[in-house]
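The structure under discussion is supplied below as structure tokens; questions concerning it will follow.
We call the chains A, B, C, D and E, going by the order they appear; numbering starts again at 1 in every chain.
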Amino acid sequence: MTNNISIPALARVEGEGALYIRTKDNKIEEIELNIYEPPRFFEGFLQGRYFQEVPDITARICGICPVAYQMSSVKALEKAYSVEISQEVYNLRRLMYCAEYIESHLLHIYMLQAPDLLGTDSIIEIAAIAPDVVKKALRSKKNGNDLLKAIGGRSVHPVNTRVGGFYRWPDTEKIKSLFEDFKWGLEFAKETVRWAAELDYPDFETEYEFVATSHPDFYAIYDGDVVSSSGKRVTVDQFETAYLESQVPQSTALHSHTSEGNSYFVGPLARYNLNFDQLRPAAKEVAKEIGFEVPVHNPYQGLIARSIEVVEVYDVALELIESYNPQGSAYAEFDLKDSEGCGVTEAPRGLIYHRYKVGKDGLIKEAKITPPTAQNYAQMELDLAKLAPQVLFDRPHEEASLALEHLLRSYDPCISCSTHFLKLKHEHV
Amino acid sequence: MRKPRIAVHKFSSCDGCQLGILNLEDELLDLVGAVEIAYFLEATSKIQPGPYDVSLVEGSVSTPHELKRIKDIRKESGMLITIGTCATAGGIQALRNFTEPGQLAESVYDHPDYLDYLDLATPVSQHVKVDLEIWGCPVNKYQLLEAIIALLQQRKPNLPSHSVCLDCKRNSTVCVMVARGIPCVGPVTRTGCGALCPANGRGCYGCFGPAPQADLDAMIPLLNAVEEYPGQTVHLLRNFAGYAPDFRKAVDVMLEESSKK
Amino acid sequence: MSKQTLEVGATIIISKPELNNLLKNLSDLDYELAGPQVKDHTVVLGPIESLAELPKGYTSQEEPGKYTLISTGKENYFDVTSGPQTWKKYFFPPRTQLMIFQQDPDKSPTWSMVSPVEELRRYALIGVRPCDLAGIQIQDKIFLADNNCDPIYRDRREGAFILAVNCTEPCGTCFCTSMGTGPKAEEGFDLALTEGKDHFLIEIGSEVGINILLDLDWKAADVKHQKAAEAALQAAREKINLNLPQPDNLETELLSNLEHPQWDDVAGRCLSCGSCTQVCPTCFCWDSTDKTLLPGDKIIRYRSWDSCFNPDYSYVSHGNTRPNTRSRYRQWLTHKFASWYEQYGSSGCVGCGRCITWCPGEINHLEEIAAIREGEPS
Amino acid sequence: MTPEQELISALQTIPWFQDLNPEYFDKLAGISSLIEVEAGEKLYQQGDKQDYIYVVLKGRVAVEIAIPGKGRTRIYTAEPIEMLGWSSVTPVVRQRTASAVTVLPCLLVRMKASKLQKLCDQNHSLGYVVMRRIANVAASRLLVTRFQLLDIFSHSSDEGSNV
Amino acid sequence: MTVLTTSKPISDCTSDSMLPMWAEIVKIEQEAPRIKTYWMKFKDPIVQDTYSFQPGQFNLLTIPGYGEAAISISSHPRHTEAIGHTIRLAGNVTHAIDRLGVGGTLGVRGPYGSTWPLEKLKGLDIYIAAGGIGLPPLRPVIYHIMDNRADYGKVVLIYGARTPEDLQFTAEHDSWEKAGIELMICVDSCDDTWTGLVGVVPMLFYRLRIEPKNSALLTCGPEIMIHFAAYEAIARRVPRKRIFVSLEKNMKCGFGSCGRCQLGPYFVCKDGPIFNYKKIGPYLEVEDF
């Protein structure tokens, strides 16, 4: 018996993709996570551009997490040109990242994944059942966008980020005016955690190798070394030797693997498992209140981890808003040289790595970008392969599709951001 | 009156323009009350077949599959609106149009031969009739909202087309070109962003595309005179709206002239 | 010669720090003080509280399309002339709500109109240059016409206090002397100040002006002070390099040269960006647009600054009546320097030079005028 | 009145002949005739080489061009004292560029065009009067044609302004 | 408290000139394809009783959300129990008015603008040249002349439209003729059923016997037609000062404040829309001015 399942268009993910599974005699013969996101050649476009253009260009990789791309690229370029950024720039970048976490996580929690957990199609339907929650969720999401706007001019592709700092200090009054909304946001974030804890998650666990950045003093987002649940800890410079992109037989997709050859998992669940200790009291308390103890191995519960991260970033943002008092130049001056540098930050959906070869003329010679979804790709397929037999053969087709889609969505895959994340249909005969 | 059925389609893009709809936090619930969202993959897994009263199209056409899809969408849409600079002018993908075919793929992919894409990433209007174009990388979500409201009110949307300069002045933003000698393409760029870059102390980089009747012949010598690095003028114009005809032709002429020298 | 009492027309002197008390008196009377200050590499107009915020020790170097703020280290507060902004933003704001329409709740097809709720502000404008003062007077003629005044302008204008400052350090694009608007303010102020080395000479222009001075430590200006001020103003007159000879003749000279080849020439350099109109203290064109708020029962009618360089400005149902840069530039220049006379009895230009400095296309409009005057008409 | 006299007095009512020497009226009468035509009659047909020029005295005559695929299109109507068929007296005599159909019952002066040309050749002062008239007729036709080409009343549908 | 003198000018004006008055559409008449007359009554009885206008003036019609449109008044200047605007459906506002239908409410402010100088033209022959949607602003002139026929000499209406079906107010033409107004009507194109003139408005001047010393021309229509009508009148030695034109420009505020409708030294909304050709002619002739 041949049973093919095809989900031609994945909904509620960022970007567009499809899933194709072929089975024979109750066995999975092929799983194809088909990304029909066209190749966009960003690394190619970057060659020959001026370094100061990079954050504007890389932002365009993804409209949902442009800040992640901007931050990783400016970090890599600052490394290359040996730029020391000021503490104030450092803080403002952390604040900007908090803003992106808020808008992106709220989007994923309420608009992309919650509909699955509540058996609805979209937030629009949730609004019909629970208008109050939805209104609050939208307000909280807006907080993130408002802060991004205050810092960067607009929330999608903000314009204020540059190598060395910011083009201009954001208006202090504008930043401070958000304080009360963020106080409300912190409380609502805690509500979200409690609400998330009550949801019914599919029973599905995998022993993942989690990989995330880690910082001794903070719950790492903007800054840190790369650590793994295997115990491996490397500096950013060593990232490419520890985590490789290689070609999988019979596929053209670049799959990320650890140097030991394992698939790994980046994203909120990885960060939560690896950096639980660095969470600030507000987040830790609410995590303990709901009994969400590490380690967690249920990918669906990434939603809970996300919700706790929202508490964390609101908490951090409040502190940074309160202490915001910019002095001096908003950016560092520096000399250009032939060099190379890399940078890592944590995008809302996982670790992101950039490396640039630059010239004394300021032009980019080579660019390499490893986005989170590409790194999770191998793990996603493994998880799908594991889930498929559980759902495909004893459930109605539609329900099975939904279950597989849900698993995929819980990863918060950002397909448009997968710069060279591509798998082509490869028929076996 | 029946609610208009709206579809949102994605082509080669970053998702940022359709995200503009989800980012209308204050208006979203009223909006979905006024229209029927019939197809919007990023927002809902409810997928309804066409025909649609309005299709909002994000992204440029860059693969054979997209080429077929845009024609299908046109057939099942009453009105087709391109949202954002990708759909309207090719967007960042169209930077590949300025390179030799295949060159980029080789530099990025190990097996470029497996890629299935068109040599050119092109605006939607190159393939099908477009009823309304909304510019911006990303679109201004309020322009998007205005377009939808205008649709509900059966009128033309208010989408001003003057240059960014006018908005800088209305915002009391100081001209970075005059006061600081920073290259800025605002004088030839379509308004819509709210003149963000000069407000942030930097020059406009033209993400809303050329203003109608933009005078690039007059602009280019001025930009050349204040370049911060050689070739900046080309970079500024060959950017997210670089494939828009006015910018494209201006750069072509410029490069041709400099190659003569 | 010097008068010993405070009366309209009298001239007094105060020490420089004493100006702080003058400003405080204004604040105490609930005026919102607005004045020049250094920001974004130029001088902008914004809220001030004291002398400390004024651009002390600055001057500017200005030429077509180029502005450089220069720190002189001098102790003067008012050496630097105006930046790109004009006072018109206080009386004729760049964006305002004209009215709000609210649909009646029963959805019957009637609308109620709500006036935009805006706190009425009384501004005290500190440091209005004579050219800008002339600009305000020109806008008064436009917006305070007897039969059809503009309520937004009227409400803001009528409460305002004007402290004018005579110009002793004109910049490179100033030509107020040609337009007869400066460097000395002649009328239309409550107080007019000339900055001396260690004092301010103040001419009293109104009773409101007297009121502000009552409790200050002032003394009557003596001949020496007056002479020094006059000498400084004379020096300023001589410093002004730009010249627009016989502006009154332009009404006929420009309007009879509407097909002059220079219009084509300048159209090749003009970016049609409209910056000149927006930085002009007298340009008054505006547009109104309706904005519908969802779910559709509330509509706000906005008004915003417009420009004859905006293609939308001259659109009619069958096309654009000024379809190119040539026609738009010609409209602007002939309106400002020529047809304004018939409309309002004066030139529309006050000689502040902003349209020259802040033209990103680096056009010196006086040179265009000269070319049209001198060259052979087509 | 004899038909001859009737014709001459009709010719005398045409304003642009009023400057002519009386002797010319006889000559003109010699090449002309007075015709009455019912409404709806075709005076001449586009493409034919009919050799007459007409002056409308009473009634209304339509000038029409046949457009393949679209049929006859009325481009002009001639009123009393207007001249029709001017193309038959231009220096290069061509085939009829349009048809002429009476719209109302008409009284017309019909002149033999080739003979009129000959008269004009022989006598330049007559020729001047005639050609001057024809220039004026052609100019006014041109103006009408331009206006029709401009289609000044066309509805620009929904383009542009807010109105 | 004594009032102190200040530097500010004193304005006695207290108008809130941008506020519309509400009116209800009471009747709609189809005049021609896409051209209708909308009859409206003000909702406020005092406004309704006191509203008056002169031939040639216009109102700004508004529907919230759609903006404003300057539309000439086409109804009888003395019969103001309902005010008529004859509108060609063109853009946002006009379509929105049309969708309102009878019973709909719209905002009206006005009347604005200059008027046809009918008092001054007494005793003269009046030539009225109208093309297309240029006839409605002249209809009040016709009504005025009908009411005061003895005040004027010969009165001729020269009126052109695209096709016979585009002709407006055809039901009234008989009554105009009966009142002693000569009608010369032409169309650009037609079929066999049309027995009238085919041609254009300026051409009809060829058929007129104008006594230039004693004549005035009032004209409204597409600008190009206005030019040529004026040229023909001037060619027949009608003095420029007795030629009057009604212009259309981008009128927004109605009282010369917004600047949009400038033509040389004039604001069309305030100094016009009716202009003496002697004054406006030189500017009209400048390309793209």
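Just so it is clear, a contact is a pair of C-beta atoms (placed from the backbone, for glycine too) under 8 Å apart; a residue touches a chain by one contact, two chains touch by 3 or more.
Nothing here was measured: the structure is a model prediction, and the numbers come from that model.
Think of each touching pair as a link: the shortest run of links from chain A to chain E has 2 of them.
Chain centre most remote from that of chain B: D (centre = mean of CA atoms). Taking each chain's centre as the mean of its C-alpha atoms, the one that lies farthest from the centre of chain C is D. Comparing each chain's Cα centroid with the centroid of every protein Cα atom identifies chain B as the most central.
Across the two interfaces under comparison, C-E and D-E, the one joined by more C-beta contacts turns out to be C-E.
Inter-chain centre distance (chain A to chain C, centres taken as mean C-alpha positions): 51 Å. Taking the mean of the C-alpha atoms as each chain's centre, chain A and chain B sit 25 Å apart.
Rounded to whole angstrom, the centroid-to-centroid distance between chain B and chain C, based on C-alpha atoms, equals 37 Å. Here the CA centre of chain C is 66 Å from the CA centre of chain D.
Residue positions of chain B with contacts to 2 or more other chains are 153, 156, 201.
The residues of chain D that reach two or more other chains are 156, 158, 160-163, listed in rising order. In chain C, the residues that reach two or more other chains under the touch definition are 289-290, 292, 296, 315-318, 324. Partner chain B is touched in their complex by these residues of chain A: 9-16, 36-45, 47, 49-50, 53, 56-57, 60-64, 66, 103, 107, 111, 115, 121-124, 127, 131, 134-135, 138-139, 141-142, 145, 152-157, 159-160, 162, 167-168, 247, 252, 254, 361-362, 405, 416-417, 419-420, 422, 424.
Taken in their complex, chain E has these residues touching chain C: 4-9, 11-20, 22, 43, 64-68, 90-91, 100, 103-105, 107, 222, 248-250, 252-253, 255-260, 262, 264-265, 267, 286-289. For chain E in complex with chain B, the touching residues are 65-66, 91-92, 95-96, 99.
Listed in rising order, the residues of chain B touching chain A in the complex are 10-17, 19-20, 22-23, 25-26, 28-29, 32, 37, 41-47, 62-63, 65-66, 91-93, 95-96, 99, 103-105, 107-111, 114-117, 137-138, 193, 196-197, 199-202, 205, 207, 229, 231-232, 235, 239-240. Of all the residues in chain C, the ones that touch chain B in their complex are 39-42, 44, 65-67, 69, 83-85, 89, 94-95, 268-275, 278-279, 289-292, 294-296, 304-305, 307, 309-312, 324-325, 357-362.
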